[in-house]
Amino acid sequence: MQTFVCPDLDILEVKTLRHKLTPRPSPFTKDNNAGAGFVGDKDRIRLHTVEYESELSSGAACGNGVVSGEDDTCLMLPEWAIRSGPRDTIYFEPSQVTAAIVTCGGLCPGLNDVVQNIVFTLTDYGVPEDQIIGIRYGLAGFYNKGAKPVTLTRQTVDGIHLKGGTMLGTSRGGANIEEIVRRIDLWGLDMVFVVGGNGGNAAANAIQEEIARQARDVKCVVAGVPKSIDNDILLIDKCFGFDTAVEEAQRALLAAKVEAASGRRGLGIVKLMGRNSGFIAMEASMASGVVDVCLIPEIKFDQKKLLAHVGSILDRKGHCVICVAEGAGQDLVNQEGKGGTDASGNAILKDIGVFLRDTLKGHFKDQADIKYIDPSYLIRSIPTTSNDRIYCKVLGQGAVHGAFSGYTGFTAGLVNTHYVYLPIETIIQAPRKVNPTGRRWNRLKTAINQPDLH
Amino acid sequence: MQTFVCPDLDILEVKTLRHKLTPRPSPFTKDNNAGAGFVGDKDRIRLHTVEYESELSSGAACGNGVVSGEDDTCLMLPEWAIRSGPRDTIYFEPSQVTAAIVTCGGLCPGLNDVVQNIVFTLTDYGVPEDQIIGIRYGLAGFYNKGAKPVTLTRQTVDGIHLKGGTMLGTSRGGANIEEIVRRIDLWGLDMVFVVGGNGGNAAANAIQEEIARQARDVKCVVAGVPKSIDNDILLIDKCFGFDTAVEEAQRALLAAKVEAASGRRGLGIVKLMGRNSGFIAMEASMASGVVDVCLIPEIKFDQKKLLAHVGSILDRKGHCVICVAEGAGQDLVNQEGKGGTDASGNAILKDIGVFLRDTLKGHFKDQADIKYIDPSYLIRSIPTTSNDRIYCKVLGQGAVHGAFSGYTGFTAGLVNTHYVYLPIETIIQAPRKVNPTGRRWNRLKTAINQPDLH
Amino acid sequence: MQTFVCPDLDILEVKTLRHKLTPRPSPFTKDNNAGAGFVGDKDRIRLHTVEYESELSSGAACGNGVVSGEDDTCLMLPEWAIRSGPRDTIYFEPSQVTAAIVTCGGLCPGLNDVVQNIVFTLTDYGVPEDQIIGIRYGLAGFYNKGAKPVTLTRQTVDGIHLKGGTMLGTSRGGANIEEIVRRIDLWGLDMVFVVGGNGGNAAANAIQEEIARQARDVKCVVAGVPKSIDNDILLIDKCFGFDTAVEEAQRALLAAKVEAASGRRGLGIVKLMGRNSGFIAMEASMASGVVDVCLIPEIKFDQKKLLAHVGSILDRKGHCVICVAEGAGQDLVNQEGKGGTDASGNAILKDIGVFLRDTLKGHFKDQADIKYIDPSYLIRSIPTTSNDRIYCKVLGQGAVHGAFSGYTGFTAGLVNTHYVYLPIETIIQAPRKVNPTGRRWNRLKTAINQPDLH
Amino acid sequence: MQTFVCPDLDILEVKTLRHKLTPRPSPFTKDNNAGAGFVGDKDRIRLHTVEYESELSSGAACGNGVVSGEDDTCLMLPEWAIRSGPRDTIYFEPSQVTAAIVTCGGLCPGLNDVVQNIVFTLTDYGVPEDQIIGIRYGLAGFYNKGAKPVTLTRQTVDGIHLKGGTMLGTSRGGANIEEIVRRIDLWGLDMVFVVGGNGGNAAANAIQEEIARQARDVKCVVAGVPKSIDNDILLIDKCFGFDTAVEEAQRALLAAKVEAASGRRGLGIVKLMGRNSGFIAMEASMASGVVDVCLIPEIKFDQKKLLAHVGSILDRKGHCVICVAEGAGQDLVNQEGKGGTDASGNAILKDIGVFLRDTLKGHFKDQADIKYIDPSYLIRSIPTTSNDRIYCKVLGQGAVHGAFSGYTGFTAGLVNTHYVYLPIETIIQAPRKVNPTGRRWNRLKTAINQPDLH
């Protein structure tokens, strides 16, 4: 069980650059955003929404702390977060603003949607189109030669919400924070929007800190939009693109079911995303209704027990579908001595899908007809479904509203169905994980009749 | 602005039949639902999650009451609701239980999913398959001749979650409560599950009251699963099937955009569901990103202003897409004197889609190329997307857990991302509506640049 | 039964402008289109492919003539047509060519694909991008003020094959041929590509004739790409967009099935395209596997017999799905005296869908739960499925190859699985129709057990 | 270039068992299949439809022989084939018929459709439902213990056309023909329907020959329905399931495009089906419009030239998409000495996809961002698109009509858009291949600007 302690505050405050900036009224008039259209600076959203009768209640293992979304991770947190949305007072003169947008890390449905809505909202405020730039291929695009930033107009982003991928390009890997801040200064950027995962958010945080640290007067706010197809960002109800990913992932599970059921003692294996957290595997298994075994990183399994369980399913039903998250069973794969860490210090994941396929083939020999499916790139690259599309819109808008409000080092997110601003440093403490004693996992276990396999 | 007052309680309690029933331990053992798998009877979910700085904040028009989902309707409510889920103590001997399931009202994606999961969960508890019956074609199926109830086994509901519609059949219209209770008594039903809209829930409530009223000892609990493709049920974050409906609805909007943009001064009109509430129209417009004008029942519009606005869009962009909820502009249509109420006292809606089409044709004559699309039946009848499929599963499971816990007159629902049990009478007080000064509507207005049209 | 007589020729020749033009070698070199890559000018495709044992054979009603596609229309025709494809000799200097593309008539999936591939192939030949123009909103775009032609580059058409509609815009209605030829002369056009239906092809033919008639030396070839979502073009195996339309149309039929089966004595009615020919209704009914009654323009039906048949289906199955082509039953609708012709002399079709809905409602009253679906605009506007996308590519390429070969007044098409050039005047003699005694209709009748209803 | 010689006949005759059987009139009456509804026994379809001007014409490399579909394989063939369809005379008393259906080989969209329509048509003739059996998991299901045949009723096959896979199950591998014939005799089968690929058709042929060879009086006809997702069956216009497969395959190509375009020097590789023939790779590349390099088994490529070409694309466009058929480049992979043949003597294909991925990674190192997608199981398992669904229906019906006509050792197929019966032995002579000098391949090469890579 993870427990994170936050400073004993009533509200989870967000850093601002307001002291360096000049307030002025929002350009939104009565006509387009009248009266109650503005969000109060002191509006607040409650983070604590569940109270358990006792520690025995499902999900209550860490006491009456906060449980983000549905009881998956427990956190000690302040009671409130601040609300996202447009303020009546802003801290930048829109016509003078230069803003940059960058997408980083692996693909996730919704990147284009977020980029589009940051551009739309900036121009709604009145930022001139030729002062909005898109950094190419991730954070390194700030300083890499060869791929110059592009200008982002309403027209260049028109219709991109219906396309997968990111029109800006993306890349993995660390970033040179100093070089980035040098460019921010050089180019006179007032706002930098970073759409990225834990790495991207960490970089965004480092950029903000580097800006704060420097003597020279860089007045640039940094806003993050947390992207994780694994859905493993702390506190956030659900990451953008997650619903879309689950929708596509369960198509692969349904295909595996067809393959398995059409073969004699057919065994379909689908490997899904999820390095540290099994949310996609869990939810896609639940949605598909055809999975017999679901393996996630949070819960170890014993190889012998797994083989026996699969064998009994084959005997009983005639076929079996296994859904495995890429981060599951790493202890088994690494037993084989292939482990290690990469240059960035991340554990190199062994391919649990291939390992399972080979192990099951070795075990069942011709007593199972095994089909292995790895649909990851097909899932990452699709356009968003409607609810993700709306979600991305609001996140993109929220990031811009926050930036104009002078907030920095913050991220826009959805908590308990409400849009809030959160400090980046809070959400990147650790990946969010499936709670093995929470209701969600329990519901899946019950639904697929999965015994303890460890 | 709607305001509903509830008894000044700390918790929104749910009625029970426990006093008439015998408690016993849940059949779920350590193996399939261990320890923290049970939900405490006193676990509670907070209903109040937003606090506004002042009445000027977006959505705060009714003060610091509760705002379900995102700030659409304000309610005076208790602070807490009780949590949904399996209890360690149950009040029926599963092997003795006879249960009935009925679906009623118009089609909505997810009906089959809910039915399937009620059957699955009942049999998980140990209810014999031949003691689960499905009522055909709505509540009248309890007593109508010609369409006998069917037995529902795990096999009869296998795979139905991938199909649209309802395998039980459905119908609109009032029900004879006394006749239904007579059958409940006659058939020895212990549990009745009603999957329906406001009408169905009202009937479920009436059945529960009639059972409570009667001298004779009918020990049957009544559980509702609120169904509204319009998403207009009070308190619930989102009704099942709504996301699916929005996904399909925006396809029609994208088609209208193609038609409009391919014609000279092309004008595409799409009529969507939404008798009292414009959620589908609002969200599908937001998701599609192609709508120019969105008309919902909550906000009146002036015909002349609309015509002028559409004309200016045609002049500027060359084409225009209008999304109209079926309940919008009823005052205009009824001006023509075609109004009235039906046998049940409901206002008979005039066809605003056809009215708009004809009015716009009359106004623009050959200066607009008008295409009118009414996709309602195509939207209602599709299978669920993944998140709705999961949602329906949990609702179906929750209804059964609640019934075994002895609750009655209750409904399962999702509030602030947590599953709760709510008294039916609370949620049927009135339809939930879009808040004209809330953030959602404001976001759409800003996104599509829609001026006030009234 | 339709019978068309063609001049008693061995080959169905196509007109050329070669006498006015200078031959030169194709720019395609060994490297990109080597050797056998060219199509011989005398390559020929056989039009006659079936020989019937006797007049009693299914489809043989008109003797051993030619039956296009599958035995739907019988034609007296020459034995051969000329083959489509690039020639080694061309008649225009690519760098000097100015070409125009126009789309006309109602939307049909594939318009963008055809436009894209005409542009791609023109530039493959070496036509400069700024010498390719797109006429806006149909043939009237040649002379209408307000919507100037656009320049079509490889970039402007990039990706449009994944979008529905036509990027050029389209319109219905007659065209002023003289005005068009005046613009062809004025703008120095060498090639005009008309993507349109019977009307568009007739106009293309008239343009070619007007060019031929004129004394002044307009050396412009006219190529057609026959577009008919109804699939009613003579001789052609299948019109582009037809497969896509059937795919989408059967979704509406499956939705109607869900609606019908979920209602008590549910009756789903779907109106599909098909003014003169019932191909979409027939094929979508066949594909869906859920239709009980299929009504097409080619086969009259008696209202009483229909009502009796529908009643018997409702009695037997409990629900019924009717698929009706828009041109079916016009005699019944017109009985009501609403008929007439429009300005162009076309019969104004009465809405048979609404008529059926109302007639069935009047007949069955509350003994049927009727749902009526009109999905036409949703079908017309979708992007192409893969086989249509490929088909459109080849048609677009073929039109350009033919134009460079100096052919004029011709159309590219697929006959007996081979691509050919046909004289426009031949294919516009009459709409192609479903053969009531052919195998296709017989297969559907057998499949859905439909008796004679006339 | 492949050339196959057939006996110098005018018509490609099909074997019959009529001499052992008794003719009787078809049960189809005037009402459901009147008059021209029957196909004449002497109706014939022309196999030769193209005549080339010279050997230089595209596709004419083997002279004026027959070119099936579009010029991909040249065959010396008789002029005519016999027409498929119901005859007025049949050779089995329907009420006495016992029939078996078996599906074999890998999955292909449409298996369920074919099975369904064989069952539907058998019962249309009047075969009692309990006399139709389905063999489980391929031909071995005739004699394997453990998986007994199932009875196939109209109800058991209801709705299966909307599901992927095969409800009968399937398997690869050789079959014991004698054991099968023993069961045919034992069970008194009159008709055996084999839905399978080259292997299944060969087995069907062998069964027919074994029946013919045997002294004892087995009067069972054997009908094949050729299944090949690779589309490599001789003579047939297109195999069922092929269009569906291409539709799904191009989705993977579009995903690869998104991945490639979103990465810096992104390189997407998609491996598609196609052991001997590159039809899926070629058509999906054509349909997608996003492929830069297409590699098929018919055309060797030089590794160095490929690397250079890919490098130049990356330099020019910034990203590259490669589509490779599984049978392509086997000489390169086998250089590595991993080749061999399996127990059945088939060459064991090395994984060209993985080979390419690793070779390209080794070559470009960090100068390319490589994403590899293998979507095969996702493609095989989906339900049919509409045109395949119709095609499967007609094939299934045709197989039953042929069987009732007393034909044996035959297969139903589509040639030059007409349905015919062909002798199995003719179509299994060799796999059909893409013609490297034909128009289709040329069109793709031109479209994607692919130079000769060998």
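Observations on the structure shown:
Each chain gets a letter, A, B, C and D, in the order it is written, and its residues are counted from 1.
Keep this in mind: a residue touches a chain if its C-beta (ideal position, glycine included) is under 8 Å from a C-beta of that chain, and two chains touch if they have at least 3 such contacts.
Labels paired with UniProt names: A, B, C, D = Phosphofructokinase domain-containing protein.
Remember, it's a predicted structure, so these values are computed and weren't measured experimentally.
Note on connectivity: the fewest steps through touching chains from chain B to chain D is 2.
One simple way to say how far apart two chains are is to compare their mean CA positions; for chain B and chain C this gives 43 Å.
For the pair chain A and chain C, the distance between mean C-alpha positions equals 47 Å.
Averaging C-alpha coordinates per chain places the centre of chain A 29 Å away from that of chain B. Counting partner chains per residue, chain C has no residue touching two or more of them. Taken together, the chains touch in the following pairs: A-B, A-D, B-C, C-D. Of all the residues in chain B, the ones that touch chain C in their complex are 107, 136-137, 147, 163-166, 169-171, 251-252, 255-256, 258-259, 261-264, 268, 369, 371-375, 377-378, 380-382. Residues of chain D that touch chain C in their complex: 28, 31-33, 35-46, 48-54, 56-61, 69-70, 80, 83, 85, 120, 124, 161-162, 237, 243, 246-247, 250, 254, 283-284, 286-289, 385-387, 389-390, 393-394, 397, 416-419, 437-439, 442-443, 445-447, 449, 451-452.
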